[in-house]
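First subunit A sits with subunit B, and in the next complex the same chain sits with subunit C.
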Partner chain A sequence: MYAQMIKSTGEGVKSLEDMDPDERAFQERINAGGKIEPKDWMPDGYRKTLIRQIGQHAHSEIVGQLPEGNWITRAPTLERKAILLAKVQDEAGHGLYLYCAAETLGVSRDQLTRDLLSGKMKYSSIFNYPTLTWADMGAVGWLVDGAAIMNQVPLQRTSYGPYARAMVRICKEESFHQRQGYDIMMKMAQGTEAQRKMAQDALNRFWYPSLMMFGPSDAESVHSAQSMAWKIKVNTNDELRQKFVDQTVPQAHYLGLTVPDDDLKFNEETGHWDFSQPDWNEFFDVLKGNGPCNVERLEARNKAWDDGRWVREGLLAHAAKKKATHLAAE
Partner chain B sequence: MSSPETSPYKGTEAADHGPARHNEWPLWEIFIRGQHGLSHRHVGSLHAPDAEMAIKNARDVYTRRNEGVSIWAVEADNIAASSPEEKGSLYEPSNAKVYRHPTFFDIPDEVGAM
Partner chain C sequence: MTDPLFEYLCRMGDNTLVLSHRVSEWCGVAPVLEEDIALANTALDLIGQTQLWLGLAGEIEGKGRDADTLAFRRDVWDFRNVLLAEQPNGDFGQTMMRQYLFDAWHLLQLKALKGSSNAQISAIAEKAVKEVTYHVERSGDTVIGLGDGTEESHQRMQKALDRLWPYVGELFVSDAVDQALSAKGIAPEPTSLREEYDTAVNAVLAEATLTRPDSDFAHQGGKTGVRHTEHLGHMLTEMQWLQRAYPDATW
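Entry: the complex of A and B
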């Protein structure tokens, strides 16, 4: 997902009886559906895991602007260009909502940014794939934002108040993103033969990377079990992936496109689509930094940070000067 | 284990767990009044060098879809907040005065709506 392979304490879930009174009161509040707010007591592991998770999610929104930003100047019509600009601006906004939620946990946005730029913190594997044609703008909106929604909708009920509230805002805006993507796909799939081929090619390239977004199976993971007990993760990766496939396959059929999986078939018994797993070696390799665009993405973010330094410092100096003038006049 | 430290580090409502900040834009809490006559409501925070930029940034971050007609920006340092431990002493007195709620009084059905 936008946050992948998040490690928690690694110790497994304690029983209520084994917890000290503070931790037990904290866990009981979560079990009862209560929200944890910034000034409330919380276990260190909860705080640290959330900073990792929300931080990675925020970084994904920010880096996620790059593959789509690539097409703003080349959008086929002025209307498509305006829509894409609005969508990319939304992604920046989503990043900011999330940094703001992370900051309530005691880390600063600039610190998180530094950790992204140095490669210490990660962002979603999906943004290390290139966007080669205009149809990729359709595939990204439809599949990538579609997968993100699968994860983000349940996170509106997550236990940490500021994170849940950020998710509510994001989900409201996200369905615009998915629909504009599907709209592009419909246009392409119903267009000329060349356009239809381009749409099919985009689906071929983005299908498995989209399935990877949910992360490898975590049914056995102690990290996942702890995160679920804390309600900072609501469903397992496999549950969300299955839901995504079930929702997306009929949408592909409507477009007249073929999902690139020979073993895809509807299972009458389970009522779900059976599908092939993505290549998990590729996933781990991309996370390690060896995806097609890892280097390019980090270079772009570092350049933006370095080039913006004079603006950040200049505005601070201006604000200090104005304050001094104001005080002197009093 | 962490504790509910009340010392907010400069500019946030949370405890100090990070290194000291240098040259960072201060944090502003943003409040928006919607179209329908309700009061300003807290929507989140953002960083800006001064008040003027805080309002400009708030427009871009929090009102991209007609969410509001008025923005307040307050530097986070200037907000005083109650702490969770005070919950008892702050709110206990009102819990004891149940007669403040209209449902405390039984009005006979014959009297009608009141």
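Entry: the complex of A and C
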């Protein structure tokens, strides 16, 4: 997902009896469906895990601007250009809300940015794949925003108040993005032969990377169990991936496109689609920095940050001068 | 001569089309997140205005060309934007200086067009003037903030101003198209906007502690389409590639 492979601390979930009074009150509040707010007591591990999770989510929104920004200057119509630009602008806004949510946990946006730029913090593996044709703008909206929604809708009920509220705002916009992406695919799938070919090619390239967005199976992971006890993770990765496949396969069929999986089959007994796992070696390679675009994505973000230094410094210096003049006048 | 009204609408629409393209090139790589969002806002407003101006141009022409056809199927010599709009982004300072110099003119132009004798034009201006009022506030504040910021930001802004100033004059050059339209009360005489422009720009430059260049030399050839810069061809290569590579597709 946007936050993948988040290792929460702990060696397994403690029972209420083993907790000290603060922690116990905290956990009981979560169990009762209550929200934790910034000023409330919280275990260190909860705070650290959330910073990692929200930070990674924010970084994904920011880096996620790049693969779609790649097509803004080549959009096929004025309307499509405006829709795409507005979408990418929304993603920047999502990054902003999420950095704000992370800041309530006592970390600054600047610190998180430095950790992204140095490679210390990660962003979603999906944004390390290139966008090669206009159909990729359709596939990204349909599949990538679609997978993001799968994960983020349950997070609207997450235990940390600022994160849950950010998710409510974000989810509304993400579902627009998904519809717009599907609309692009529809137009392509019903278009000329070249357009249909582009649409199929985009699905071929984005299908497995989209499945990877949910992360490897974590059903047996203690980290995952702790995050679930804290309600900063609501479903297992496999549950979400299955839900995504079940939703997406009929949509692909409706488009007249073929999902690139020979073993894809509807299972009458379970009522779900059986599907092939993505190549998890590829996933770990991408996480290690060896995806098709890792180097370029980080280069682009670093260049933007370095090139922008004089601007940030200039605006700060001006604001300080103005403040000094105001104070002198008082 | 082509219909002056069509020419004029292409000038308005090509200015916003070309400038929105340039601004959108910043997507995802601005100096801070808030600027990414603000630049996208400006570009979005300008795309919307392009749809209106070029849409009306196509309607007036009456040959079945819509805004998209005009935007994506004309070559360099048919573009009517001022040279200022097609100047490359350079650093963020050059981008914001270009924006301010354009916005300050754009606002005056649109305010005048609100009183156009052509109802469709005045309706477009009415909508656009609200957006551009905000653009000029923002770009003006940025020019001031960076001009009167650090030593480095000051120097960069002065350099941007010196680099772009020779492209300001073209905004105020009057030709047969302008004269034909102003005679009918459709659009203002460009020269009539200069004084107010100078007053506004001088005030912002003073607050920005920047020095207005002495020379008022003006490069020309954009709004007539006679001689664009080399940059426009490269922009169109990118902007129009898909439409030209797949001419029978709809998107």
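Everything that follows uses one rule, which is that the second predicted complex is superposed on the first by the 329 of 330 C-alpha atoms of A that agree within 3 Å, B and C clash if a C-alpha of one lies under 4 Å from a C-alpha of the other, contacts with A are read in each partner's own complex, and residues count from 1 in each chain.
Operating definition for what follows: a contact is a pair of C-beta atoms (placed from the backbone, for glycine too) under 8 Å apart; a residue touches a chain by one contact, two chains touch by 3 or more.
Being a predicted model, the structure only gives us computed values, none of them experimental.
Colleague: In the superposed arrangement, does A:166 touch subunit B (first), subunit C (second), both or neither?
Modeller: After superposition on chain A, A:166 lies in contact with subunit B alone.
Colleague: Give one of first, second, both or neither to describe whether A:23 is in contact with subunit B, with subunit C, with both, or with none.
Modeller: first
Colleague: Once the structures are superposed on A, label A:310 by its partner contacts, choosing first (subunit B), second (subunit C), both or neither.
Modeller: A:310: touches subunit C, not subunit B.
Colleague: Comparing subunit B against subunit C, which has contacts with more of the residues in subunit A?
Modeller: After superposition, C is the partner touching more of subunit A.
Colleague: Give one of first, second, both or neither to describe whether A:319 is in contact with subunit B, with subunit C, with both, or with none.
Modeller: both
Colleague: Using the touch definition from the top, say if A:76 reaches subunit B (first), subunit C (second), both or neither.
Modeller: Only subunit C is touched by A:76; subunit B is not.
Colleague: I'd like to know which partner A:104 touches here: subunit B for first, subunit C for second, both or neither.
Modeller: After superposition on chain A, A:104 lies in contact with subunit B alone.
Colleague: Which of the two partners, first being subunit B and second being subunit C, lies in contact with A:96: first, second, both, or neither?
Modeller: Both: A:96 reaches subunit B and subunit C.
Colleague: In the superposed arrangement, which partner chain does A:40 touch: subunit B (first), subunit C (second), both, or neither?
Modeller: first
Colleague: Would you please give the residues of subunit A that touch subunit B in one complex and also touch subunit C in the other complex?
Modeller: Comparing the two interfaces on subunit A, one with subunit B and one with subunit C, the shared residues are 86, 89, 93, 96, 312-313, 315-316, 318-319.
Colleague: In the complex formed with subunit A, which residues of subunit B make contact?
Modeller: 1-4, 6, 9, 12-19, 21, 23-25, 27, 44-47, 49-50, 53, 60-61, 64-65, 81, 83-84
Colleague: So in the complex, which bits of subunit A are touching subunit C?
Modeller: 62, 65-66, 69, 72-82, 85-86, 88-89, 92-93, 95-96, 99, 134, 184, 187-188, 191-192, 194-195, 300, 303-305, 307-319, 321
Colleague: For the complex, which residues does subunit A have touching subunit B?
Modeller: 20, 22-23, 37-44, 47, 86, 89-90, 93, 96-97, 100, 103-111, 165-166, 169, 173, 312-313, 315-316, 318-319, 322-323
Colleague: So in the complex, which bits of subunit C are touching subunit A?
Modeller: Against subunit A, subunit C makes touches at 21, 24-25, 27-37, 40-41, 43-44, 47-48, 50-51, 67-68, 71-72, 91-93, 142, 144-146, 148-150, 152-154, 156, 238-239, 241-243, 246, 248-251.
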